[in-house]
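Comments concern the structure below.
All chains are identified by letter, namely A, B, C, D and E, in their written order; residue positions are counted from 1 within each chain.
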């Protein structure tokens, strides 16, 4: 029982981070139909920036409380990531808006490699220990443990999602985003400047990714230039899982994927009588994905596009 | 007297996820070559100037074979590499075809030397030795009963874990859980939670410090701070405590390295100083071996009086060289004759050899 | 004479080097309804797009309110009272009808005024009220056309560009649309109307222009053009 | 006219979208050689009826017979095979393919060569390919755009795209060809040309189901007309009768006088 | 170009390809090896082009078929199975040394079946949903290969399969150099000719498919699936056929890879491989055979060629950047810059229509390439005249 509870906590924490990353993926996808392969690298840059900032602050102002350092580092990481994503969009995607759909996909892949390489130059290739800035003593919850960092992750995700939902559904900029997503040209006729909206989307996505990156690194305690790839990939999966382009879907997809992974690696062994083990976790996750998409071809929350003939 | 330039290659991943380890061995080779050049050696009557040919295989077998072919074409005098078993095995065949010797200082899978090429050498204990030593220690010295085993599903991690498991079972221990992760993972919460449910006395991890560091930290988070932790050379680095965030459970770690630890060796401390002076902050694991490997190649050249592989390879087999890492001699398969294994623990977050 | 609201001179527009509009001059004065007719592919839509700043000019100039629109995007022009109902409706398929109308009022900030205008649109097109929470993408072609009209009105434009507003509508709706056009016109909104239904468009218009392969071939008062035998043969099927 | 001459017989078709009854109990019978008009206000369900007929939407109820054979409008491609071809209200051409290729695709259902033939270029394959190309070119000429055979379809003008859609539909050798607002966006003169084309198709002994808002065109072309309103059939008969029907005038024609 | 000129160009090209390895050999076998690998990737890219370029289905797990072919050859022509399963050893006392004539058809068949199997669950999916499922499928295959060493050691897990036989063809062992009249043909050169033959075979098949009823059906599906269905195309079968055909080339290429390398391990079949194959297709010119070939050659060879260039370049940066990093930077920049400069690929398919000449005055010509739009404004690719309402994925946040 406490194992299950613990796995649920693990899954929720992991899933929350996937969800945050997936939100950025899904927003960018929704608005310009681009699988932004470099999204994971934005996360990585966010995390490594925070790592540098923390290092500097710990030496320059010893004795500052951990949470202050963490918040400051996170803020700076967000700014850096946002600026980066803004530039990436401008340089690598914007010129290709009217090109065949797969062209920006290739520049995105190129960007991803480029960012990894640059990060390797800037931060050196070795793994960096990411300091635990919040108290590390876990709370005991009916035999399961949860750390303050993990609590922070869960709450930050919830807050981010709420803010984002409100933004997209109930504000003018949100409506402008949806309109631009559908038809930038007509949105322009309404007074929306598509470039601004698209840039805003990339910036929001980057901020979420940076937050996720910092939390990812502080939760698991390590950061490196390749760290973005895997969570990026998983988050993309999660976004599709939930119905790409759909914010709620991204969150549900992310959390579900986290849970499936945690519970999957926990119970595959038992389910298959020891035949398969935790090395099949990803397979398990992908098979669940395939089954769900077979039943609901547009993801969990993705509505069937009204394809009027 | 004319100067002959001799190229010695380093081949390993200097990009990608374990670029830091690849860089480390490359540095080892560089250090050795610099020191050799300072000695103004004469081989076969010619003054020799060594140069490094550093190639990146990105940890990819396909690229590794391309690298190997390129080095063959370039007629380098010898190769230090590759780093992983997955790249070393296919590359070995190519080196053998063109008669260039290579010494791996990190690929620990027993299969590397299986074909028995006279061009393939390994400068560290293979997984069989490391895994077994750890299991024996756990059973005999610590009298542990239940152990959980994790591996990272690489040729290295899996090989090591298998040997450990096997020996542990022979020694009467019970493997209560087998869990798996990858060499790119950072989240081990799920598998550790599983393991916690099985209440083992110890955990064995076959993999690198980039995983075992965070893993130790996550053990702590899950309240597994009192479980013993075993691992092989890939994790047995000085960086480990740092990577683990210096959590208390670092004190539970016992890990094995091939050879004697740098600190314990006569010239070890001094060597490390020289390395750090040249490559500050870059030290990982295998650079002393790469350093020695370079020296071993040159030693063979000196004895053969030639830098031509065809001439000096037979001498290589007869090596008896006192290196930083060990007294080096090869079996006819190219393995060390006496692959020493050192068990280490961490005291005050510093790696210290046991016994 | 009323002030000139829109002045197009020597307009050329090209798609990738190929000219679709080859030097067009015309003007629309304040309070006028001007019709632009021409066969398929004559360049009417292209001209409209150039006016709203959606297509770059290859030559010539466009002045709106006495200023060149050069360098301004549609978003800038809407703020100055220029609105367009694009060809093919361009409704936001995944938004509800109400949201579409709100998008039309994107540049406005008076909540109450917007709500009142939405009511007005609903009064003009009761069908839209019936479906106000339906996603626009699932509406029939004609329904979408109504929505597009309504949406353009939401910005309270000075100059309204209509690109084939009657396309695909039932006779009764065509009547309706022309009625609305006339109403809007009567309220003082200046209108530039592109239509295939040349007879009705010219009947309404103060003045008309005929466009042929990227050039203006004829111009005159609406009634005069309607009576012109060449126009009748080429555009009225006689 | 005997019942053997019935090309399409549809009865009791209903279709619901969520809370909206888009079609309720619609039935029509079309005889060979007829031009059958389907008219009605915007949103009446005309396109929906087409979509149901051609298998793009699954109806909630209804029976379907094509040339006396019942068919299930479920697999869209089988409907085409059975002999119904259509055009789309929003033109749906294969944009990056040439006009000729578009029509050649239309021959797909009536041809058979497979992988083997294609790879080994068998004589049968070659003969069939030639026949496909010839027929496609003929059809392009027939609708009057033969000279644009080699142009990518997206580069054609609007009116020509409409013609190309018709040619592509004809290429499937349909028993019934269904045209969804072919005259939309054309001026009166262009409509005259279109009317000639449709007339020609009819005279070549084909059957046509036509959705159109242009009353003049409908009245001039159609043998029979059904009027839909809110998914219900409110009138059926000859154009002249329908035109006089009060309900039709109120819901569709308007009093504007046509 | 006249027919005659074309033939001359063709013959010259063919000669160049035949002589190429003999020239490269002079600079070192490494160059020939690069050419060999490039040829294998050409096959892969051509196979993927059927799926992505013709049928318009974005497949991000294509490397799975490469893996299937590679492991099939690896298992049937190495000591692995005989040394792990005594039963098999008993059956084949001389070890398993399956001949090329057996393995290639098998690889082709197995990959095709795998391709079709993958196709079935993803048929209903569109666009990028398909991409993620195929990606998952590719990972599933890799993970199985990595883990099927337990409970039965089938794939030898992460250690991979070693000592795979080289190709033997008509009594000729391609693994050994042969000398003809004192002129030595290196093993890599022999493989070059084998791969070249296979690639030519593949090109012929692709070309013929493209100009057939089947090819047209694929393209119709790519352009507009609903309209394609309405034309009577059985889109399900056609998509399965595309998956199957695409996969078969992948399988054959994989089996050749195994023979060539003598070693296969799961690392060679990572997701990044699939992504790079997609990049080859797109970068070269999606749907256009010469473009796809160019893309494959370029992306396969570039990293290796850069090995030779990076050194001197590095010297220019005073050695501050090391060669590996420089190499990666250059690859990344190349991908970005090529796409920015040539968004339809390096060698895109020509507009097969002749340019529209205005005729009868009333018609105007559409541009041959992407429409030009004013800076900053986005027109979805489908906002074409008469085609107004077709974006595949409206956002729905």
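Simple rule for what comes next: contacts are C-beta pairs under 8 Å (C-beta built on N, C-alpha and C of every residue); 3 or more make two chains touch, one makes a residue touch a chain.
The shown structure was predicted, so the numbers you read here are calculated from the model rather than taken from an experiment.
Looking at chain B and chain E, the chains that touch each of them are A.
For the interfaces C-D and D-E, the C-beta contact count is higher for D-E. Of all the chains, the one whose CA centre sits at the greatest distance from that of chain A is D.
Ranking every chain by how far its Cα centroid lies from the centroid of chain E, the top place goes to C. With centres taken as mean Cα positions, chain C sits 74 Å from chain B.
Centre-to-centre spacing of chain B and chain D amounts to 73 Å, using the average Cα coordinate of each chain.
With centres defined as mean CA coordinates, chain E is found 41 Å away from chain D. Note: centroid distance chain A to chain E, computed from Cα atoms, is 31 Å.
Chain contacts: chain E has residues 146-147, 226, 230, 325, 328, 356, 362-366, 370-371, 373, 376-377, 385, 388-389, 391, 394-396 touching two or more partner chains.
Counting only residues that touch two or more partner chains, chain A has 117, 120, 178, 181-183, 185, 188, 279, 308-309. In chain C, the positions touching at least two other chains are 39-41, 54, 73-74, 88, 90, 93-94, 137-138. Against chain D, the residues of chain E that register as touching in their complex are 205, 208-209, 212-217, 219-220, 223-224, 226-235, 241, 245, 351-354, 356, 359, 362-366, 382, 384-390. Those residues of chain B whose C-beta lies close enough to touch chain A in the complex are 14-17, 19-20, 23, 153, 178-181, 184-187, 189-191, 193-194, 196-197, 209-210, 213-214, 217-218, 220-223, 239, 242-245, 247, 281-282, 284. Taken in their complex, chain E has these residues touching chain A: 52, 58, 121-122, 124-126, 128-129, 131-133, 135-137, 139-140, 143-144, 146-147, 151, 226, 230, 271, 275, 278-279, 282-283, 286, 321, 325, 328-329, 331-336, 339-340, 343-344, 370-371, 373, 376-381, 383, 389, 391-397.
On the side of chain C, the complex with chain D involves touching residues 37, 39-41, 88, 127, 138-143, 145-146, 164, 167-175, 196-199, 233-238.
Interface residues of chain A facing chain C in the complex, by the touch rule stated above, are 172, 175-176, 178-179, 181-183, 185-193, 306, 308.
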